[in-house]
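Reviewing the structure listed below.
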């Protein structure tokens, strides 16, 4: 029982949603994407802005249609952890928090294991790009609040993109920006099976899948990539897929990351312009 | 001569290592020079036979962190016979968002007659001190020194609550009660 | 050493021999820095003492919530999302739904907040919003009944602070009221222990309902500087940290008081309290205009 919050009922569930018989839901067989505007290789349009959080050293806000999240960077600041030994390198910590209303099902206010896992992956994806060796005895803290999530993979890749823009906005020395991109493998036709031996088609790669599309995915990939150094900092592949599909999706993601880089570049130049006009 | 056209972001390629020397805000990797912060690039030439230096002027300055030889302004929080503990609040004229911890050890208070120094006759809690970073110190604190004329207490409050004015390099006088208290004073910089 | 901006009053008097830049002086002597401004009748951010910061309200920003709103007061940004879920009613109130407001001050919005359970400040704000809404009977909890004794709606009202710059109570209360006005819940059917809603089309007046709000309380907060000699409307973060106490006045649309709270040191005379209530009346009218302007 949580005594530090206003208490509600111990158990509450989302109501059961009933669809009429004639209701047509989206299925991947239709060969079209869920929002019917995009091609399989298209991402959603990205809105990215820096400097939303006044108290933070650097901040960024990113929106991919319904997916919305904010990122704040604090530091470099003194390390306040007990038992900390002298360190010649800076310490990077990341924390992702989903707002309780961000998903279809209400999330708990407590930190759940999924958030913890994503936070760790984010730390791993960002730390190769930051010049931590220039920040002895200091800590950098990256906080992300997901306001609305429309697809976990895209939400997580948006978090990587936003975090690296916020770090650059904070004036922290970096080797390169890190762009994040996600893709899902979705079977749009009959699946290949050994027993039937029938004609089959390989799964389709859908870039930046939304929540409805993710429900049909066989597997997914999240890639973090440094566009100008042409280096991958993190790959997270899950689910079943053939090697050729994976290497193909990595190529697609790298291509998409280069497009995202243009958006990140633009957002940071905008912040420079704003500073210039203020002077 | 800066314009938005010179604005760069981290990772942007600035030139070849044979053309420029990597200055602040840039780094060299293999054959090329890249930017490491968001800002405006500048090329400065020091002498004719040297390569020009490429620097990137930081746009959104990173919150200040203490570096060796930096002049810091700090507030005394604790004293004991061996050292004074301080909170570093300003580094090289830039306020820190979060205070860093530092200590001024008894042997670093002044340059001469180090064995005669008593911490309590040099600093009191609440004093604002100007000091220099001499080492990154231990896991927690930076080591600071006030062993120079222009370093030491720059602002203090007397026991009576009045503000103190320096009357010599080791004495300060309360403006209210005219009582003289001992401090390691900083010589005002003109 | 460094020239001060033309807007700031003279800051040279701290110590005869040392001069600082304005930002350094603010860091070293925040109270003294502020007093220099207050004596001239202005504040460091350029506002007059009784001026509020620009405020915006946006409705329906979160599509995964039943109702939502984003409120900005100066540098403070909060997002409120309302989620309606089905729960079992309490035994002694079989036809009452639940209304659960919570404010989250996470470390993203300010360096002063640490990760982990809610801070004392977050608990105080959550609790005062809960009290104001329950005691002024904004919502009839019987409206949230689905099947008496079996199932009721639980309204989870969560406020997330994205950017903190003081006056969280006003921002959170405004966001909660705006989000509640924005709530739409699909009409439920109860069938042998299962609550179903239709997922057919977009929500309209036939298949969904809005909440009936008896009143809309809105608030204004004033900080007391130098033992209440100076009253600052809508304090920002740096002002809150140097002030001794604050007064919050909450009013509904008929001008009736819903709550008045005064915290911290500094005495407040009757005339001061009256002055605050009068200023709140003006502010609440402005705020209502902003809210209705944005509402679709």
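A, B and C are the chain letters, set down in written order, and residue numbers restart from 1 in every chain.
Following the convention adopted for this analysis, contacts are C-beta pairs under 8 Å (C-beta built on N, C-alpha and C of every residue); 3 or more make two chains touch, one makes a residue touch a chain.
If you want to know which protein each chain is, UniProt gives these names: A = Exoribonuclease phosphorolytic domain-containing protein; B = Exosome complex component CSL4; C = Ribosomal RNA-processing protein 43.
If you're wondering where the values come from, they're calculated on a predicted model, not measured in any experiment.
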Higher-contact pair (C-beta pairs counted), A-B versus A-C: A-C
Greatest separation from chain C - chain, by CA centre: B
Rounded Å distance between chain A and chain B, as computed from the means of their C-alpha atoms: 39
Distance between chain centroids, defined by C-alpha means - chain A, chain C (Å): 30
Per-residue multi-chain contacts in chain C, two or more chains: 111
Multi-chain contact sites of chain A, meaning residues that touch two or more partners: 74, 77
Overlap residues in chain B, where contacts from two or more other chains coincide: 97-98
Residue ranges of chain B touching chain C (in the complex, touch as defined): 73, 75, 89-90, 93-98, 128, 154-155, 163, 165-166, 186, 188-189
Chain C contact footprint on chain A (complex, rising order): 2, 4-9, 11-20, 23, 52-56, 59, 66, 68, 70-72, 74, 77, 95, 97, 99-104, 106, 109, 141, 143-145, 147-149
Sites on chain C touched by chain B in the complex: 1-2, 14-18, 21, 23-24, 26-28, 111
Residues of chain A defined as touching chain B within the complex: 57-58, 74-78, 84-87, 129, 131, 135-138, 168-177, 226-229, 264-265, 268-269, 271-273, 275-276
Chain C to chain A touching residues, read off their complex: 61-65, 68, 75, 77, 79, 81-83, 85-88, 98, 100-102, 104, 106-112, 115, 117-118, 123, 126-127, 130, 154, 156, 158, 160, 162-165, 186, 188, 194-200, 237
